[in-house]
Every structure is written in structure tokens, then in C-alpha cells.
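Each chain gets a letter, A, B, C and D, in the order it is written, and its residues are counted from 1.
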Amino acid sequence: MKLEYQPKVIGFLCNWCSYAGADMAGTSRMCYPQNIRIIRVPCSGRVDPLFVLKCFQRGADGVLISGCHPGDCHYTEGNYHTRRRFALLRDFLDYLGIAKERLRVEWVSASEGQRFAEILSDFTTELANLGPRSKV
Amino acid sequence: MARIGVFLCHCGSNIAGSVNIPEVVEAVKKLPQVVHVEDNKFTCSDPGQASIQQAITEQRLNRVVIGACSPRMHETTFRRTVAGAGLNPYLLEIANLREHCSWVHPDQVKEATAKAIDLVRKAVARVAWQESLTPRQVGITRRALVIGGGIAGIQSSLDVADAGYEVILVEREPSIGGHMAQLDKTFPTLDCSACILTPKMTTVGQHPNIRLMSYSEIVDISGFIGNFKVKIKKKARYIDVSKCTGCGECAKVCPVELNSEFDENLGKRKAAYIPFPQAIPNKYTIDKRGYPPCRVACPAGVNAQGYIALISQGKFREALEVLRRTMPFAGVCGRVCIHPCERDCERGKVDQPIAIRALKRFMADYELKVGKEKATPVERTKEEKVAIVGSGPAGLACAYDLVKQGYPVTVFEAAPEAGGLLRYGIPEYRLPKEVVANEISYIQDLGVDIKTNAPVKNLTEIFDQGYKAIFLATGAGISQKMGIPGEDTPGVLHALDFLRQVNFGTKVSLGSKVAVVGGGNAAVDAARIARRRGVNEITIVYRRSRAEMPAIPSEIEEMEQEGIKIQFLATPGEVLSEANRVTGIRCVRMELGAPDASGRRRPAPVKGSEFTVDVDNVIIAVGQGVDKATLPQDLAYTNLGTLSVDPLTLQTNIDGVFAGGDVVSGPADVITCIAGGKEAAISIDRYLRGVDMKEGRPEIVKRVKEVSKEGVKPEARHSMPTLELGRRKEFDEVELGFDEKTAIAEAQRCLNCAVCSDCRECEKVCEAKAIDHEMQDEIVEADVGAIVVATGAKALDHTQFGIYGGGIHSDVVSSLQLERMMSAAGPTGGEVVRPSNGAHPKEVVFISCVGSRDERTGDGYCSKVCCMYMAKQTIMLKEHAPETHSYIIYTDARGPGGKIFEDFLTRAEKAGTTYMRGQIDSVSQQDGRLSVSGQDFLTGAAFNIPADLVVLATGLMPSEDAANLFQILHISYDAKNYLLQAHPKLRPVETAMDGIFIAGCAVAPTDIPESVAQGGAAAQYVLKLFSQEAIEAEPMTSIVDISRCTGCLLCRQVCPFQAVESETLRDGRTVASINASVCKGCGICVVACRPGAIKLRGFSDQQILAEVMAL
Amino acid sequence: MDMELIQQIRDKARNLLEEGTVEGVIGYERASDGLTARPFFAYEPAAAERLIFDETCIHDLVKYLLDKKGKKMAIVVKPCDSRAINLLLNEEQIKRDKVFIIGVSCPGVVETSWNRRSETLQARCRTCQLSKPLVYDFLVGREVARQAEEETYSDITEAKAIANKEEFWLEQFGRCIRCYACRQVCPGCYCPVCFAERLEPLWVGIRIAPEENRVWQTMRTFHLAGRCIGCNECERVCPVDIPLSLLNRKLEKDVKELFAFQAGLDPEESPPFATFKKDEKLEFGA
Amino acid sequence: MNLLASKDDLIRWLDSLLQERIVIAPVRVQEQTMFQPISKVEEIAFDFDNTTLSPKGWFLPPTEALFTVQRDDGQVNLVPALVERDAVVFGLHPCDARGIALMDSSFLQEPSDALYRERRSRTALIGLACRQALPECFCTSMGSAPDDPSHMDILLTEVKDGYIVQVVTEKGKALVPKGLAKYKGKVPTPPKLQAIPTMEVTSAMRGLFNDPYWERLADRCLHCNVCAYVCPTCYCFDVRDYSDKGKVERVRSWESCQSPGFSLTAGGYAPRTTKGERLRQRFSHKFLYFPERFRDVACVGCGRCVKACPVNIDIREVISDLQQLTEVKSGS
């Protein structure tokens, strides 16, 4: 698939589920767009909203935060905090003009390589359709 | 200055096939701080690793980046490599060029190469901020906690204890043993379950290294592997286990019987019980579940369940003793009490409340009938004399409580006879004088001195006579006036004066028509007395409607039977008279408006609705007030004209002077007055002892939470026999009281809400003096190093499977019930019978997978043990009675485990069991027999099997409240509340929490040998831990920079592991501190920390931000 | 001016200082324009006579308690300010026994700036539900039943409808000169080193530029999510009139709707980021 | 010699200036007036009382890059920032011009600040005499006046028919368009201001250095940077290097002595840790250190800080307090 615009995507993946899920996509040789750069964190609860703000400030077109499914957190509760923090931040950024489509929060388990690849394809396409972020 | 070496792996063609490695090498060389770049065919190979070590040494590298496969693959390997060259292993960063790049972007060399460069640049940026980290050493408490005393927990405890370490075994129930103790035989060997379990239980009970805490629960756990702190609640069992000999005398006398949980509700046990004869510990427990609703509802806290339980056993005297522990007025309250207890009686939710008041009266009647024994005077143990003014119910109740505590008590009564309102206010037909006199004489027998004709006008005089405290209970004895024209006309009487005169025996002459104004008990009493004095036409005029009428409903009913009319919604505006003689009253109609302060709807006159009633006399009963003239001076009053007292202590404005009853509350019922007297007694005792009068008041009592009404068959309340209408004369009591048979039958309706009735008969028989009804729950703290969770499972409740007739037909039983029936020690003595009629069943149908493998009716998983126990039970049924024929309707017949399990199924089949694969449509009952219909999956044919007994093979589910415990322990569990293993294959008895291990059915349904194996395996992990000198703790944990910490402790709130503690610095500031041994390194706190005071080592803000900034 | 109320404040303040119950009293005095009010610290009983209270006493004085940790202080607190007290109690920044709260039942305050006061109540006062402070030791003023307008957040709805939001906000943030007055006045901002001024890591550079300022203002607001008590002091002190209430109130609204939480109403209840519910529905769909 | 420019003349003049130079002029932004570079003359707000910020931001911008350093193929290149165009600041009041003159004392003394010097020499100041005195104004007490042309290149004074054009410097003369009529009418009397006594402020300041007055005054101070950023004479800045994938940029931005991190040293030492010390620094700099070094008090009486301070720390009150306290001290 050839995209009109190649968006820049930064992903924060928890070590125990989503990073392993991305590994699983690799070992299963599933192809997905190359646009993402993955940063490994111990838990999605480690993702500071400031990281996301810095990504957007640095010109990222989209940010993905992915953790274990609620209830499955390796640290039992981290992703519940993630959910609260980013439910609020996502809408707030939208309010400030950074469309909510640009910040994704997903739950991907270690076995969901296929799902990870699908999410990325979908996200990249969506971002490409949105086009570059407005520069003022 | 960082000197970074970058090593790029080709991974054969795995990476190099999609990533142009030379291009990456060139790009990386230009990165700041990178001093060395090389690429290898296989970096993880020995030459690859050697090359890294060589470069570290030769190039004096102090940071290493490896571009290779996922760090989840080889991070540990490469850390070892780096450490081998003398560099701290945490100064390494891995760029994931394979799983995250080459493998997912094949045939896109350009893009994959650009991405690889980005990933390496990101890793280089991050590694510059990496710090040296060193794992910490932590000590170990070599004591294990085992939670759950089933076979798995028993095995763990024994294995750890035998290895020489201490074990605390906590079991929620009074005995260990779990479900295995309930089983008759075990499959596939048909061993006697008790025979193989009991020796293990005994060993546990006697093991020097095992501290058995039965009837206990975990309430809190903190700490971490090797160093847990646990709080264990020892539930009050009301029997001191150190004294109890297990003789069982308490159970023999216990009047309360309920279904035995151990016998699956097929048998009975007492409130004082031992679950089964071989219980360990062999100690009794009293099942006390709070205060019964009747006791909570009673203002005076009378323990109705206590005396009712004893009445049900025919122990009438003992029952009266129970009542007299609280107050002396069985006969009085048995007649006139407004009985709030009956309103709250749980039996009322089934059919009708217990006739509590009638039973109370019965005890008094019985005592009079069989002859009263003179009460033994209470020994005076206290010096301080107490004076009580007024001998109504409040005064006497106070005197009674104080004399029983050993105080010298004198009651001063202004009237010629004691009793107050009981004697002068309530008509004889409701409360015979003899009953009042009997109960007052009992109080006097105990040692209370009652002085009649002794009005008290001056409190100082009383104090001067050496009394140390005074209780004023002079009542509210003045009738209130209506304030209408003509109220002073002769022939207008006030109810209280009228009743007093009648009770004194003074002659009162009435005309033939009388109107009584008011709706309270005084009005009803006055009307009924008037009827007994021969008045023909009596009308009660009441300004509200029937619903608002405050008099006792049964009294109103009896009054109406006697022909007295009530004019509702009317109020008199004037008393009409001629020649100073009453001729009538002019009334006005009322209508009800909005509720007033009392909650009753306020009546308002309807204009132009005046009407006149012709009467000869008017009796006004609109209220009573306190007669200030008869009270000593200097007392403070409320706006309502009653005495002003402290609501908690009842002390008046004068030190040492207390007041209660109607003089404080205004006119109230007898039991409320008694309650006031009792409260005053508590205050006076505390006052005299000089202790705080307010502490712990008002007393908060624990009402029993839920009362099971399962299996309670509706049975009407026994009604009170009354005197025939025609025979009702002035002095004859209308209500006649229960006879003994009725009393017992009525008492047996009691649901024993609180289970233990607090009758205290057990205390009398316990020679070891082991019983302590005041026992409280106790919290025990302990330090342990490892925890084994073996909380087991429970069988699903078969009564919730109505589709199979469970809970509908009594001959549909659960497999555990069948097991109990088969047990020689069980409720049927080993006989398998039909619960409906006790007959031996001929045709028995087993239904498998009840609640298992079926999302519709229960859980989707297989409970694993059912196929085998059904086979066992059919074999056993055949052995018990060869003529029995069993069917097993199965979904799949599983014999997991290969060896002999499958053979066992065959054995069952050979023994004559009919296996049918199919589905049940319905279980119905016809002519006393059950009929099981469904479809045979193998033949496709419908079947209809007549059966005498249907056995539901109910599946397993985690025990109740298991999830609560798991939350306390912070261990994960799944949607069905089963525990999650650290790894389902490779770490089956470990959890994600280090130091907490799991075994048995709490993890998933297991049979006995598996439970034992897992219990042993968990013990092995405990021992492995205990055999270490110290624990090495992961260094990637959070630390607090106290100079930035604001002490808001949000981190403590978000930490899932309780790793955060607060610490007070020398300058008085409170800051957070993180216990690195507990911290798991999730970093939730780091994000929560606004001032940036927390750093997660290995994942610091710097490190992650460096990655962001490099992209 | 309600002289009776002022006299009550003065009498109480004087008493507290005379008895030595407190070391100082934080209240209001007349500003140098003779028209509006300014914060005032009375340390001597005689200074109590300078205290005033009227509808120009707009400042939330609670912030000053953070400067006086360890000292027992009395403070004049309006109902809205009492939420700041609760916030700081919840976050363990002040100790209840170190503060003597002179609560004022306040009919609302007006917009003021130096030498200028309007006659209309501040917008936040019009929707204020509190007729008296949530917490106080001594209450002055008549408690009046408030006829609060319904909080509709119409300003937020309007701001949501702005066509090019990014442009709009970058323009607003572009004016920011990073004087940090908004932070300095905020009772919820008390980090020893603000993230905006931290060097390691350098979250926000010293560059005073729209993108940089956006990180600053976004995160400032986000740090106050579920903690902003709505005093709106930040907007008042902003020298370049950035509509900060549109930021704070947006999160206030979301927190109220998503987590049913309002800051500072109960010192025992923890803010939304301290806790979670396992089964709460928080959508991440577009 | 005064000239007269009609309103139209002025607009044409500004329009022609705009062709060849950057024009910085007061622009209405919502309810405020700000100095901003304009693209059209219509953007100018002629009708304003005072701007929120002084025009100092043109000479010392809130943020500017001083130079960048980059590594290209092993070579390290340093590129200094340059001032590329001439400019005009239009519409500044005499107090603001005096503020710029005071900044000159510091920035232009050798070694001078290159960027500042460059901007200063390439920028002409065309001022506007004040039409009215605001309640916060006290310029006459600080050595200026509503009609003071001293530090301007050209001063305009609004009259009925347009503006009196008073050419002050040669630089100004070069900018005046040809053909303006001579102004023969009366020069309007400048608005009157209430003078505040300013005697002995410096010595009072010196004498009260350790007085508890500062801590008390600082009680209500929030330590925001508003006063410093609106002040025409406050010129403190911070300098930091930014590195982005190997490209390093040295940036300076406004900073104020009121912020706790100001002059924090690498070892963690902060010279002024208490609120009182920080607030004292502000006034010490204005009334003590600056006059000791450059003769004049570093305040022009524009009144911006009076108006902008969220807690009403009024510099005039501070002056009066200092004087009173000194008298009390010497009297006792």
C-alpha cells in the first residue's frame, strides 16, 4: 500500500504485553507500515503525558500507547491508571487542536501479534489520511 | 563523556536481508559520543560476544549499544557479555532491529534501513543516560504462612514443617480438612477418605512447627518476598480453645438447632458445635452472628431470641432468667408492651412475626402458676446509696439494674402503692394489679427498699441522708387541657384523673352517653372503662384518621368489638352545657394536610362543617404533661415542659441528679421508660465509680446481617385467646395468655436469627469454664517469608439449577449430599435415602456437567473431577444396595490421567451403570417420582427416565470471598476468580508476586492427588527460598529525591505494591520513601509525581525523553 | 461594605494575635488605589484594624499558607477558597491544626484590577453553590441562600467549536511571556522545582515560543486535572490575558463527567489520578 | 524646528517606512496594546493609553538564538545570529525611550552586546508624547516627562490637525518625509502628574538592606516575573544551549530575579533563597546597584508594574516606605 503522506508515529509499548506482542508480530513475519518507532516502557502506567506532548512538539503525527488488557497488567493496576490519564489527555489535546485520532491507546497482549500489526496498519492509514499537522 | 560502542548484528540474513547494514554503520559513525561501530554475522555467537568484550577493553567503551534481536530475547545474554568485560551490565541498550524492523518490513530495504538507523540513534541517545545499577541483598524470615486447611494446604504445611521451618496455617472454618473430609470414598482407589486424611490432620494439629489458626482469616498483608507482615483475624469462637476439652456438653444443652454445613444441610447441628467428630482442632465453636433483630429493636435491649429458644425447649424457668438478666417486668411487658421487636421480627418476612409479647407473658404466667420461689437478695458490694424518686417502670428498672450491681437502692414513692402508671394508669382488664405486685415484690426481694407515701420535695435533704446519686422518674402525670370553651363544666373529665380514680376505687358517676376526645392508649382505656361502667353510647372523637391513631392496634380492635365508635377527622370546638350540666359537644370536621414535626399529617378544620354530638360526659385524653409543682426546685426544663437532661447520660443540670422516663420524654410507652431507667443505671454506676459517662454511648450493636429463610415452611402465628365479649367485666383480663403447648409451638417458629441465642445455658454446664460469650475478634500479627495460598474451591449450589429440578424437588440432590449420605458418619448413618420419604432409591439418575462446560447455566470450564466421582458414586451405590440402578447422563465422559482413570469408568459401566450421552430437557415430578427427560445424542432419540433420586454433579468454583483475599494479597485472578499462575506451563505454582505460591483448587479444579502434588510443589518453592542466604532484588526500582518531594504521597496511593512509605525528616518535612525491595519497577508513581521527585532506575525520564528527542 | 462583618474579622484577628493563638493573620487590606483590595499579613494586634472584606477581595489567600508551613496562621477564607484548603489538606501540604480558618460567607466578588472594579459578579461566583466555606473555625457574615446559576460550561462548548483550534491556541500561547504568574498564584502549584524549569530532564526549554509555551500550558493544566478548585486566579493575574479558564474548566468539566469528581469538596476524597475503577468505561474510540 | 504632519501625512509616512524597514508599533490585541511588527499601517493602534509590555522586547527579545553550532562532515561550524533589516519603533512614550536609554548603559558599555548593539543602531525611535497621565504614571519623578523628547529620534505630539513632528537626532532627520509644513501653533501643555518624593532613595535602600521590611513586603509577593517582564528597564536573561540531533543552538531568554532558580549555580547554591531576599534584589537593583554603577535610578515611572502586579506591590509605596523607615531609624 502506497501512502500519499508518510506519517511519523511514536509508540510506547509496555514490556510485558504489547512489546512482546510486537515481537510476536515480528516472529510471525507479519508486515506492517514502517512508520512507527517503538519505545519500550515497563508498563503503560510509566508513560508520562509529557512524553506525548514532547512527541507532538517534535513533530510526531501520531502517538500510540499500548499496554496489557485491563485486568491483565503485569503490575496489576498500571493500565487502569493509563486509561484514566489518557482518556483525559486525549480529549484535552483534541480541544487544543491536536485531533484525538492522533493519540491512540490500545491494549495488546503478548499473543496478539496479528492485532498489533492490524492496529498499526489502520493507525498509519488514518494518520496518512489526516495528512501533516497544521503548522502555524 | 560517554564512549559508546555500537555493535550491529546481521543475524545471518535475518536482519541483513532487509536492512542495509553498511549504510547503518556509516550513519551511526556520525552520531555524537559514538567511538566504535562494528557489525557481526551473529553477535550472540561466541565470537560475536568476544568481539564486544574486546572492543570494550581496547576502545575503553563505557556504554554499549547492540542492534540485534528483541531485548526480550538476548538482553540477559548481552548483559552477561558486557559484565564479563568489567562493565556494569546495565550500561547496555539493545536496538530491536529484527522483530521490530527487518522481519516486519521485508523487501523494503530503504525504509527498513532508515528505520534501523533511527532505532540505533534512539538507543545511542538513551544509553548515554544509562546508569550503573547493582542488585540489592535482602534477608529472609524463615516462617511460612499457609492459607487454607484443605488437603493442599495440609500437605504444604506438613512439608515445610517437616523440613524444620515454622508454619502458620490459617483456616477460615472451625476445623481443617476441607472438602476431602466430607467425602466418603476417593476415586479411583475407593480408599476411605477419612481414613487417609485424618492422620494427616492429626499430625498438623500436633506438629511442633505448625501453629494452627482455625476460624481465622487474613485481613491484611504488606511487605515482600522473604519479609511479609500479615494480620490475621482470629474470629471470636466464644470458647477458649485452651480450656475446651471437646466434651460436647455445651452442644447438648444448646437450644438452637440449624442445618449443618458439613452435612450439606441434610443434617442438623447446634449453635455450639463441632463440624464433624474428627475435627482438628477438636474444639467447639459458638456460632454467634450479632444481635437478633428483636433485641436490636427493643429500646431496653431485651434478648427475646434467648428466652424464646429456651421456651421452645420447655425450659420456662430458665427462659424467665434470660429475660430477668435485662429487666424484671415479664408480666407487665408481656401485656402492655408496644413490642417493636415484633415489627422487626424476621419471621414476619416469611409469614407473621413471632408472638413475642405473648411468650413473654407466658413465662410470667407460668411462674405464678407453678409457684414462685422467693428471689435471693443480691449481695451488697457497693457503699454508695442511690435514691430513686418515683416507682413507675423507669424508676424500678433503674433500681433493679443498680441493686443487681450491688448498690443499696431506695425508691421514694409519693402514692400509697408502688408502680406508678402501671398501677394507677393502666386499667385492670389489661394489667391485673396482682401481676404488677408480683413483679414489684421480686424487685423488693432482691433488696430494693421502696418507701411509699414518701414524696420528695427537696434534693438536698436526700443528699444529706447520705445518698450519693438521685434518679428522678416521677412521670408525666397531668392531663393536658384542650383550651376550649366549657372545658371546666362539671361532667368534663380528664382521662388520667378518671383512670386514677377508677384504679384507686373512687366512685365516678357517668351519664349514658360519653364522648372521649383523643386517639392514644389513654383514650382507648378510658372508653373501655366507661363501657365497663355501663355507659351505653361511647364515641371517641379523634382529629386524624385511623392510620395516625397512636393507640395499640389490637386494643383499638378489641375496643371496637366492644361497640365503641370512633369519629375520625373531627375535633371539639366547644363543650355545650345547660344549667352547669354537659349536654353535648360541638365538633368540626378536619382534613389532613402536610406532615408535621411528628411525621403525621397535620389536620386542619373544614369550614362550615360544624356538627353537634349529644353527650352527658366528656373525657379528654389529648395528652399528659409533667407536673412541675411536684418536682424539687432548681431543675432545668425544656421548651416542652419536660426535664432537661444530657441526651447521652440523662444527667440533669444538677451534678449527681439524673432523670428518665416520662418526666424527660413526655408520655411514652412502658418499654421506653424501662430503657430510660436502664440508661440512668449505667450513668449512675459510672458516676459513682468516677469514670467517663459518655464513652461508648450510645452503644452500637451489630445487628445480624442476613437471616436464612431457606426451607422455612409457612406456619401461622398462634393467636392470643381472649375473653368472650359477653363476659368482659371491669376487672376481668381480656387476653388470656398461652398455654404451655401453644407457647412451645409458637417459640419453635423462631428463626434464631442470631444463631446463638445468648441464653447462656452452655455456661452452666461447661465444667472447664471455657465459654466466654463476651469474647471479641482478635487481630494477630506475624512475620512470614513465604505464603502458600490454597483456599480451595466449593461445589456449586445445586439449588440454583432449577432447570434440573435443583431446589425444586427434594429428591434432586447434589453429589456432595449423596457423598454425605454414603458416609457412615453422615446424617443418614450411611444409608442412601430419598429425602422426600426416607425410602431407598432404586433408579438413580446422575446429571453431569451441572454448572460446568456450560456458559448458559454456569461456567465454561470443565470441573475435572465430576466424571470420576460420578463413576465412584454409582459403584458405591451398587455396593450399598445391589438392586440400585444408576444412569449417568453425560456430555463427555472423561477419564483424565490415563493410567487407571479410564479403567475406572469402565469398571463403573461393568458394575451396571448406564452411560447416556445427551442433554436434559427437564426434571419433573409425578406421583412422588421424578422423571428425567431429554435427548440421547448418540441415537438422537428422546428419553424419559423415571427416577427415585436425581444427583446433580455440580462443578467447582473458587470459594466465597476468594477474590477479596486475592486482592489483599495483590495476586492476580481471572474472571472466574481462579488464581493466575506466573506462567501456565512453566511456573504453575508461582504467582506474579514473588514469595507467594499457590496450590489446589484455588488455581483450577484439581483432584486429590493433584492438590497434594501442588501443595508439595508449593512447599518446595518455599523451601527453595528458605534455603537461600538472602534474596537478590531487581535494581530497576524507583527512588525518591527528597529535595523535590512535596510529601503529597500520591505515589503511595497509586502504588499497587505498597512499596511507598512516608518518612519524616529532621526538618519536620514529610516525604515519600520507596522500599526498593517491594518496588516492582512499574513506574506508575513516577508519572503520578508532579514535582519529578521519583526516578525509576533503568527507565528514567531522561532515558525515555532522550529516545523521544532522538526521533 | 459590611462594616459589621469587617469588625467581626478584626475582632477575631486581634483576639487571636493577642492570645498568641496564631503567629499571624492572613487577610485583606485596601490596595494602593484606595479602591480594590490586596492580601495583608497582620502580625501585631494593632494591625488587625487594617483588615477589610468586601466584594473586591478576590485573591485566594490559601496559597500563602504554603509559605508559612510550621507556623500557626489564621486566614480569611471565602467559600471558594475553602476548596483550596481541602485540596491542600488532602495532599498533606498543610496541617489542619496549624491553620485557624476565619470563614466568610461571601455573596460573591467582582472583577477587579488595579484602580478598576466592575459592578458585576465574577462568572465563577454566579454558578457558585457554596453559601459558606466548607471548612472553618470561625464563621463571619450572614449565610445567604445562594441562587446559583446552572453551570453549563457554554464557554467550553464554544471553544470546542472553534474552527482551527490549533491555530487559535498557538496564537494564545504565543503571547505567553512565561512570567509564571499563573503558576505562582495557583494554590495547587507547589512543586519545589516546576517541570517547566527542570534541567534534567529538560521538558520545556527556556525558549519563549508558541510550541514550547504550549507544552508548558498544557502540562500545567494537566497537572491540575481534578485538582483545580476553580478560583480562576491564574486567568486574573495573566498579564497578557490568555484565557486560562478555558483550559482549566475543560478538564474540570471532563473530570466531573468521567469521574464524578470535583476538587476540594472533601479533604478525604482523593483526586481522580490517585485511584481508578476496574470496570469504568473510558472510551478511546474516535 | 517643529513640523506638522496631518493624519494622512503620518499614514503615508509610516507606509513608506514600512516599505524599507521593519516597523514595530502598538497593535490592539484583544483588550491590550502590544508592540508588534506590523505588515500594514492600519494595524497600528494610535489611540492607546499605554502598552502592556514596553518596547524593550525589540532590542532584547523574550527569546533569541545567539548562534548555532553544527557538525558537517567532521567540520564544526559556528553561525552567529545576524540583524538583517533596519527598523523603526513607532509610538513609544518618553518613559519607554528613557527605559531604552537606561538599557543602553548596560548593554552598550564595552564589551558591548553585539546583537543588542546591532539592533539599537539599526532602529530609529519615533515616539509619541503622552496625551494624558494615567493614575499609575510617575515619570516626572523619575527624570522623564510626558513630552520629554530626550531619548527619541523623533517625537510626535498629537494636536487637533495632526501631529507636531519634533526632530531630535540626525538619525531622525533622515527619516522625516519631505514637504511637511512647519508647525507654528502652540505646543500643548503636557498633562500634569502628581510628583512623588524621591529624595535619598539610594541611601535609604543601602541603610535598610538588612531590614525585616523586605520579608514583610514579600509576604504577599507571589514571585511571578510579571513586574520584571513588563518593566522597561529590567534586562536580566538566561542563556542555554539546545542540542537537537547534533545541532547546537545557544538561546537566551528573559529571566527575572524573582524566580527561585535565578542565579542558581551548578553546585546547587542559590544566593537568594528567601522571598524577602529576592524581592529586595529587585528594588536594590533599581535604586542601589544601578545608580551606583550608572548614576540613574533604574525606574522610569511608567507605572506598568503598579498596574500589573497581581498583589499590588506598588513601587511608589516602597519608595515612600523606605524613606519613612529611614527617618524613623535616624530619628531613633
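Operating definition for what follows: a residue touches a chain if its C-beta (ideal position, glycine included) is under 8 Å from a C-beta of that chain, and two chains touch if they have at least 3 such contacts.
Bear in mind that the values here come from a model prediction, so they are computed numbers and not experimental data.
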Inset, instruction - Could you quickly compare C-D and B-C and let me know which has more C-beta contacts? - result: C-D
Legend entry - Inter-chain centre distance, chain C versus chain D - centres from mean C-alpha coordinates, in Å: 32
Inset, instruction - Find the geometric centre of each of chain A and chain D from their Cα atoms only, then give the gap between the two centres in Å, rounded to an integer. - result: 47
Legend entry - Averaged-CA centre spacing for the pair chain C and chain B, given as whole angstrom: 44
Legend entry - Distance between the centres, which are taken as Cα means, of chain C and chain A, whole angstrom: 36
Inset, instruction - Would you please write down the residue numbers of chain A that are in contact with two or more other chains? - result: 49-50, 54, 71, 77, 81, 85
Inset, instruction - Could you tell me which residues belong to chain B and also touch two or more other chains? - result: 1054, 1088, 1101, 1105, 1109
Legend entry - For chain D, residues that touch 2 or more chains besides their own: none
Inset, instruction - If every chain is a node and every touching pair an edge, decide which shape results: line, ring, star, complete or other. - result: other
Inset, instruction - Name, in rising order, each residue of chain D that touches chain B in their complex. - result: 71, 244-246
Inset, instruction - Could you please specify the touching residues of chain C with respect to chain A in the complex? - result: 159-160, 164-171, 195, 203, 210-212, 214-215, 218-219, 221-222, 225, 250-251, 254-255, 258-259, 272-273, 276-278, 280, 282-284, 286
Legend entry - chain C to chain B touching residues, read off their complex: 70, 91-93, 190-193, 195, 198, 200-203, 223, 270-271, 273-275
Inset, instruction - Would you tell me which residues of chain C are touching chain D in their complex? - result: 31-33, 36, 38-41, 43, 59, 63-64, 67, 113-115, 175, 177-185, 193, 197, 205-209, 233, 236-237, 239-241
Legend entry - Residues of chain A that touch chain C when the two form their complex: 49-50, 53-54, 57, 70-71, 77, 80-81, 83-98, 100-101, 104-106, 133-134, 136
